[in-house]
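Take a look at the structures listed below.
Both complexes shown next keep chain A, but they swap its partner, so chain B is in the first and chain C is in the second.
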Partner chain A sequence: MLSLLLLIPLLGAFLLLFWPGQPVPGRMRNVAIAVLVAQLLWSLRVMLAFDIHDGGMQLRESLQWVDSIGLDYRLGIDGLSLPLVLMNGALTLVSAVCTRDISQRPRIYFALLLLISGAVNGAFLAENLLLFFLFYELELIPLWLLISVWGGAERAYAATKFLIFTAVSGMLILGAFLGLALFTGSVDFSLTPIMSERLAMGSQLLLLGALLVGFGIKIPLVPFHTWLPDAHTQASTPVSVLLAGVLLKLGTYGLLRFCLGLFPEAWALVAPWLAIWAAVSVLYGSLAAIAQRDMKRMVAYSSVGHMGYILLAAAAATPVSLLGAVFQMVSHGLISALLFLLVGIVYRKTGTRDLEVLRGLLNPERGLPFTGALMILGVMASAGLPGMAGFISEFLVFRGSIAAYPVATLLCMVGSGLTAVYFLLLVNRAFFGRMAITPPSDPQRDARLDIELAPVASRETVPAMALALGVIAIGLVPLSLGRLSESSSTAMAQLPALVHVIAQASQGGLG
Partner chain B sequence: MPIISANLTRSGGMPTAEELRDRLLAGQTLLADTPNHLMQVVDVLESYGEVLDAYSINLIYQAEKQFLNPLPVWKYFDGDLNPARLWRHLIHDRINFEYAEYCQKAMFWHGTGGLDTYLDSEAFLQNCAAIIQRKTRRDPLLALLHPLFPGFILELIRSAATTHALGQFWRVMSDLFLDLARAEKDGRVTSIAAVVDFIQAGLVAAAAKPIIYGVEVGGESFWVLPPEAALTFLVDVAVPYVEAVFLRGMPFLGTVSFNAQAQQISPDQATFAYGALYADPLPTMGSGIPPSLLMQDMYRHLPERLHRWYDSTTRGEGDVRVKICMSFQKSMFCVTNAAIAGTFPHPLDSSEPSEQKANQAYASAWAERLARSRTDCLDASDEAPGRTGA
Partner chain C sequence: MSDALPLPIQLVWLIPIYGFSGMLLSMPWATGWIKRNGPRPAAYLNLLVTLLAVAHGSLIIREILSLGPQHLDIAWFRAADLDLRIGFDLSITNLAALELVTFMSLVGQFFALGYLDKEWSLARFYALVGFFEGAMAGVVLSSNLFMSYFLLEMLTLSTYLLVGFWYAQPLVVTAARDAFLTKRVGDVLLLMGLVALSAWAGSTEFTDLYTWAAAPEGGGSLGPLAGTLLGLGLIAGPMGKCAQFPMHLWLDEAMEGPNPASILRNSVVVTCGALVLLKLMPLLRLSPLAVTVLLVVGTISALGGALVAIAQVDLKRAFSYSTSSYLGLVFIAIALQQPFVALLLLFSHAMAKALLFMSVGSVIATTNCQDLTELGGLGSRMPATTSAYLMAAAGLTGVLPLGCFWCFGLMVETLGRLAPLFAAVVLLTNALTVLNLVRVYRQVFLDTSHPKTRRAPEVNWLMALPMVSLSVIVGLMPLIMMRLVPVPGIASFSPLTATLVLGSGAIGLGAGCLIRLDKFWSRSVLKPLRTVQDLLAYDFYTDRIYRATIVTFVASLASLTNAFDRVVVNGFVNRIGSASMASAESLKLGVSGQLQTYLLTVLLAIVLLFGSLSWLHG
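Now for the complex of A and B:
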């Protein structure tokens, strides 16, 4: 059942690559959309088969592959990966739908998109460390191509930077997995927690450190974040949607599944420092976002800040905080994808994303009023206003973490307040006031400038509307997502060693 | 790929005060004389005439039949209250009479000319005293309020007098604009200069029309603006109206807000520059912001020819109110042009140096004020190729 989640997009990619003849414009896009709809429908079918009361891996599939190096084809799904698989299906579909006027090699573009979606599904479903690594690396090259071929003016720089950072991340992860085999002497790359009876704490900390840096680059956490704003600024809108919505989640997923899941004892030991790291990341990301004048960079830095919450939740590792981490992954995926879509519309219509230049786009007749309205909804959701997904996830994260790490949690709450600051700056600058899309010169002349933007067709806002509906649906009915993940996040928080060590640490009053 | 923003913006010329003065003295029109301008101005004035007709009827009804009514709930129904009209009112299928009231408030607040002087005169106070005495006998609420706030009913009567005067002014203007549309259809008006002449002739013809206003209280008739006050159309109502609504206006520019404490609004009412000639067509479109109400009303009565042209430019129906506002501004410059031309102290072709000097001073004073207004609408830059079809 799960294999189809890999097969549909991968076969779709081959179908596009070997489509006979020179297809008419738009044909490739339609085929890709059809494949992605099938993938999303199948993801929903998997959700129906999923037992919400079982906290362990379900619907497992296993196949011996290269036994000698411990590489097995083993798939499974639990409450942590299911929401991410669903979101991958939905957001890849969104990015295919919002790809318009692509003149350059549409065949390869859409094939790469499908390849990424399949690889990401594989990474979320893999129950074998090496298999995870394979899929983790498989998504890298297509994304690099998507940025370096279909990106903006500085795309070569951004794509290379992205490639170097993520390749290092991959090497560290592979190194940690191989080191695990080396230290324990077994080539069993299964997802079994490593306890101190099997491996000395020093080795555990070393391996955990490598994984933390590896996934920290992907998430990204400060100070490994510098590739992200560049990549976002140069990537086209659909690629940004995919990057923020799905690919960053590989990092947080790895953090929860492999760092916390494989080394619970070592994790509990370093958790207080991780909470501090989370607070630093949140505050740095938020403060850096305030300083941006490119809308897209601002949203990218907000991602840096918001991913810090997941590290905080993982550090606290309580059932509530881990559920909050899952919520945050989904809500950040939806909200940042929504914001990137809207910034993309603004850029397409005005030719600029500069907050020093854009003004008054909410103008009801000459501006982009509906885009602006959705943008206000998006930034409110991102700032955690009740009734939307951001509130549920941040509330769960803070509620679950405050007992364990009060100071770090409070600092992260400040970061949440700063979200409101920079996004209100964005909305206030770009959407309110007298409309303008050119740099200010003579005030009297500016006040007389007539502006003729092309209107936003309703079909252009359909993907953004779908995401906005998702954001509100999760905000109003959090139970829908909560029920899927609750058993798994509770089971994860109850790894015996973790409970034991955290109980000791909280008596010591760290954090 | 993103488009260069220079293609998305357009700005009309900004003539200097000297250029404007020279044009006024030479008897040229302020608005560039092109066939497209003629179409825009005549058609938008036709729809404006239809709207003014409704405004005028309602203002006169309010002043006469809702006089000193403490709860004028049905004031927009012109006395014709029936379920169908109430339903159309509730679903907002109606003229925005609120806009007429905003203009009345502007005129009342920026009171200039003979009407304003008369409202403070002894004769007016005496008339009011008689009206109040008669009214308070029959109305316990007003009987209670009047001794507590002696200026209150007086001010209401002043407001009603302005309302009636504006109603009478718009009656004339409505007929004039509809006549203009007919004249253009008949081929009697074929240029912007002819439009200005037509309006000027209409204003001059109505100049001496008396402005009078009487009310009936308890079966007895009273004068509020009696014939003896000798108020006339042009100098006592038309000129103050232009001053208040075209030039000074109210600082309601739409989504742009002003900070009065930071002196963004002049403390001197006479230097206010927020009238129709200064309005920014772009941000005035939010619901409830007065100029957009007028554009919405004119949209209901748009002539077919102008509507077709709007549909073929920029966003078509999507930004039609902005385009109506731009055309309306052009037409208001024509009306202003006619008013200035009709009120020069001496004939423009006079060869007497002292008269020439007086004319020059008059033209300079106007040009100085107009130079800061939205003169960018005067040239024909909106007809540039490439603008059609979005």
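Now for the complex of A and C:
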């Protein structure tokens, strides 16, 4: 059942590559969309088969592959990966639908898109460390190509930076996995928590550190974040949607599944430091976002800030906070995808993303009123206004973490307040006021009133509206997502060793 | 939820839905899907659902009067030890507040039909007002802090959108921004309090929180620091909502929005904020400092707001500052644990202030002018508006049988015993408010006609009807209040108190009649007087203080972070990149082509690798 989630997009990619004759751009996209719809439908089918009361891995599939090095083909799904698989299906579909400029090598472009989607599904479903690593790396090269071939003016710099950072991340993760085998002396790459009876604490901390840095690059956390704003600004809109919505989640998923899941004892030991790291990351991302002039960079820095909440939630590792982490992953995926989509529309229509240049785009006749209205919704959701997905996620994270790390949690809340500052500045500058898309330093051109922006195609508004509806739906009926993930996040928080160590730590006055 | 409850009570969850459904119903016109007819149907649909809300509310009141207070809740989200519920607390005071909210919304929407007659985006206005009303109706009925917070934030959002209604004007843009950010500061602090309470007390129901705060193992076990921070966080949200010093600037700027929204904002929105504070009042025992802060903030807002109002030349701003001032008095009453006085003051203030803003709106609608120095002589030309203004002024100040006289009397009587200083604050505020009202009355309605007012007609019936009906209600306020809450009657306080209240009003009246009003005095040539006038007119330069402190602080921190990010973090990465490129270039030159050197390099690398591995392993 789960294998189909990999097979559909991968076979789709091959189908596109070997589609007979000269590639017609429209047809390539239609085939890709059909494949992605099938993938999404199958993900929903998996959700139906999923038992929400079981906190462990379900619908498992297992095949002996390369036994000698411990590489098995083992898939499974739980409440942590199911929402991410669903989101992967939905967001890849969105980015395929909203792709413009498809005349440039459509065959390869859509094949790469499908390949990424399949690889990401594989990474979320893998129940074997090496298998996870294979998929984690598999997604890297297509994304690098998508940025470096279909990107903006400085795409070479951004793509290389992305490649080097992510490759280092991959090496650290592989190193940690292999180190685990080396230190424990057994080639068992399954997802069993490592306890101190099996491995000394020093080695555990070393491996955990490597994993933390590896996933910290991917998430990204300060100070490993510098590839992200560059990659986003140079990537095209659909790639940004995919990057922010799905690929960053590989990092946070790894954080929960492998850092917390494999080394619960070491995790409990370093958790107070991680909480501080989270607060730093949140504040740093938010403050840096305030100073940005480029809308896309601003949204990218906001991602850095919002990913910090997940680290905070993982550090606290209570049932509520871990559920909050899942919520935050999904809501950040939907909201940042929405924001990148809208910024992409603005860029396409006006030719600029500079906040000093854009003004008054909400103009009902000549501007982009619908995009503006959705943008207000998106930034409010991101700022954590109730009724939308961002609020309930942040509330769960904060509520779950405050007892363990009061100061770090309060600082993160300050970061949530700062989100409102920069996003409000974005909306106020670009969408309110008298309409103009010329720099105010040029008064003669600036005073012109004859700007008329073309209406936005439904290819872009329909996915944006779908994302907005998803954001509101989760915000108003959080139970929909909560039921899927609750058992798993509770089970994860109750890793016995973790509870044991935390209890000891709190007796020692640490908690 | 038992089945025995009558249907209107069981369906109480519909009450906020009415407002929100109004928003959804307006959408086809607001977004321009329906273009063939004008936006009026959206307005009518909104009026209809608001009327339904009023009717449903009064049905519930009838049932509650016979059944006694009820509590209903519905599970919303439950996970692990977290249980978030949608709860409705149906007590008489909450329901009275609900009727106030829905009725004022109805009246305001009716008024807007006339006021925004030619507005092209009328449907958008009604959509926003529907959202506004739904959130407010939910806040007043809410029985838990989580839901209150949820809806208060929705109010923040809708205030932002309503203030920013005419978003093409630069002043509106800054006003909307400031309104949102100021309230958001309060909201984030309240969120901190909410999260902490939810984690510590395990529930957010107000009743559970009261028991928790009173229990020795609950609130009693809290350290003084935690208690103080919690108290400060909890009062910050209402402070922002009620435009209290130092978060009062937004209400003044928000006057850039359309007038019908100002009516609601100055009467019922601030009331919602104060009601949340009232519900939090029993928790304030955890934090003596928060109580002190409430008293200080209330006093500063009451007196400062009344003083600043006197120096304004803008018709709407002259009264928006007085809202901060009255809410300051409410804060004092809450801090001194006088809930009923606070409630009464909230109700009579809301009614009278709404009426005042309607008459002001009528003046603006007919003259297209809100500069006091350019208005004059409207009294004979706009009789309905003038009488509404007088009625509102009487209802707002301590004039004998009306609402605020009663409140002020009660307040002076109780506070005179508890804390005489604050009784003096009440009297002083009353005198200053009377002074302000008289000054504006003389300038706008008496005085000689100016070019802009010479041909002013009375407003059309769409605005006159709500205005006149509200005048009647303000006149009947004491009768309504008598049925509302079990408080001492209107004659319960001593003649001395009554004389004090009336006397303070008389002093204000005298001063207001004597003050010189011609254009030259609006900004005096005398240096000392002008300094004082400017100080008040610019609201003690609060906006400059903000800009010099918090705004500069955040902005410089942001640019510092950005510079650090670009120079240090990114620079470091780029440096490594260029260094590796450079070393590769130089290595290229160092290639000897001899096999031995390659072998040596490989050997050294292997030795190092194994050496480090065995060191780690050992």
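We adopt the following convention: the second predicted complex is superposed on the first by the 495 of 511 C-alpha atoms of A that agree within 3 Å, B and C clash if a C-alpha of one lies under 4 Å from a C-alpha of the other, contacts with A are read in each partner's own complex, and residues count from 1 in each chain.
Here is the rule we go by: a residue touches a chain if its C-beta (ideal position, glycine included) is under 8 Å from a C-beta of that chain, and two chains touch if they have at least 3 such contacts.
None of the values given here were measured: they were computed from a predicted structure.
The superposition on chain A brings chain B into a clash with chain C. In the superposition on chain A, contact is made by A:366 with chain B only, not with chain C. In the superposed model, A:451 makes contact with chain B only, not with chain C.
Residue contacts after overlaying the shared chain place A:56 against neither chain B nor chain C. When the shared chain is aligned, chain C comes close enough to touch A:428, but chain B does not.
Applying the stated contact rule after C-alpha superposition, one finds that A:486 touches chain C and leaves chain B untouched.
Comparing chain B with chain C, more residues of chain A are touched by C. Contacts of A:350 after superposition on the shared chain: chain B is touched, whereas chain C is not. By the touch criterion defined above, A:399 reaches chain C but does not reach chain B. In the superposed model, A:26 makes contact with neither chain B nor chain C. When the shared chain is aligned, chain B comes close enough to touch A:438, but chain C does not.
Among the listed stretches 152-160, 188-196, 242-250 or 260-268 of chain B, only 152-160 clashes with chain C once the two complexes are superposed.
Once the two complexes are overlaid on chain A, the chain A residues touched by chain B in the first and by chain C in the second are 360, 362-364, 432-435. Across the interface of their complex, chain A is touched by residues 2-6, 8-12, 14, 255-256, 280-283, 285-286, 314-315, 318-322, 326, 372, 374, 376, 382, 387, 390 of chain B. Chain A contributes residues 347-348, 350-352, 357, 360, 362-366, 432-435, 437-438, 444-445, 447-455 to its touches with chain B in the complex. On the chain C side of its complex with chain A, the touching residues are 31-32, 76-82, 121, 149-151, 153-154, 156-157, 161, 164, 167-170, 172-173, 176-177, 180-181, 184-185, 188, 191-192, 195-196, 198-200, 554-555, 557-562, 565, 569-570, 573, 577, 613, 616-617. Of all residues in chain A, those touching chain C in their complex are 161, 164, 182-183, 203, 206, 222-223, 225-226, 284, 287-288, 290-292, 318-320, 323, 360, 362-364, 370, 373, 376, 380, 383, 385-387, 391-392, 395-396, 398-399, 402-403, 406, 409-410, 413-414, 416-418, 420-421, 424-425, 428, 431-435, 478-479, 482, 486, 490, 493.
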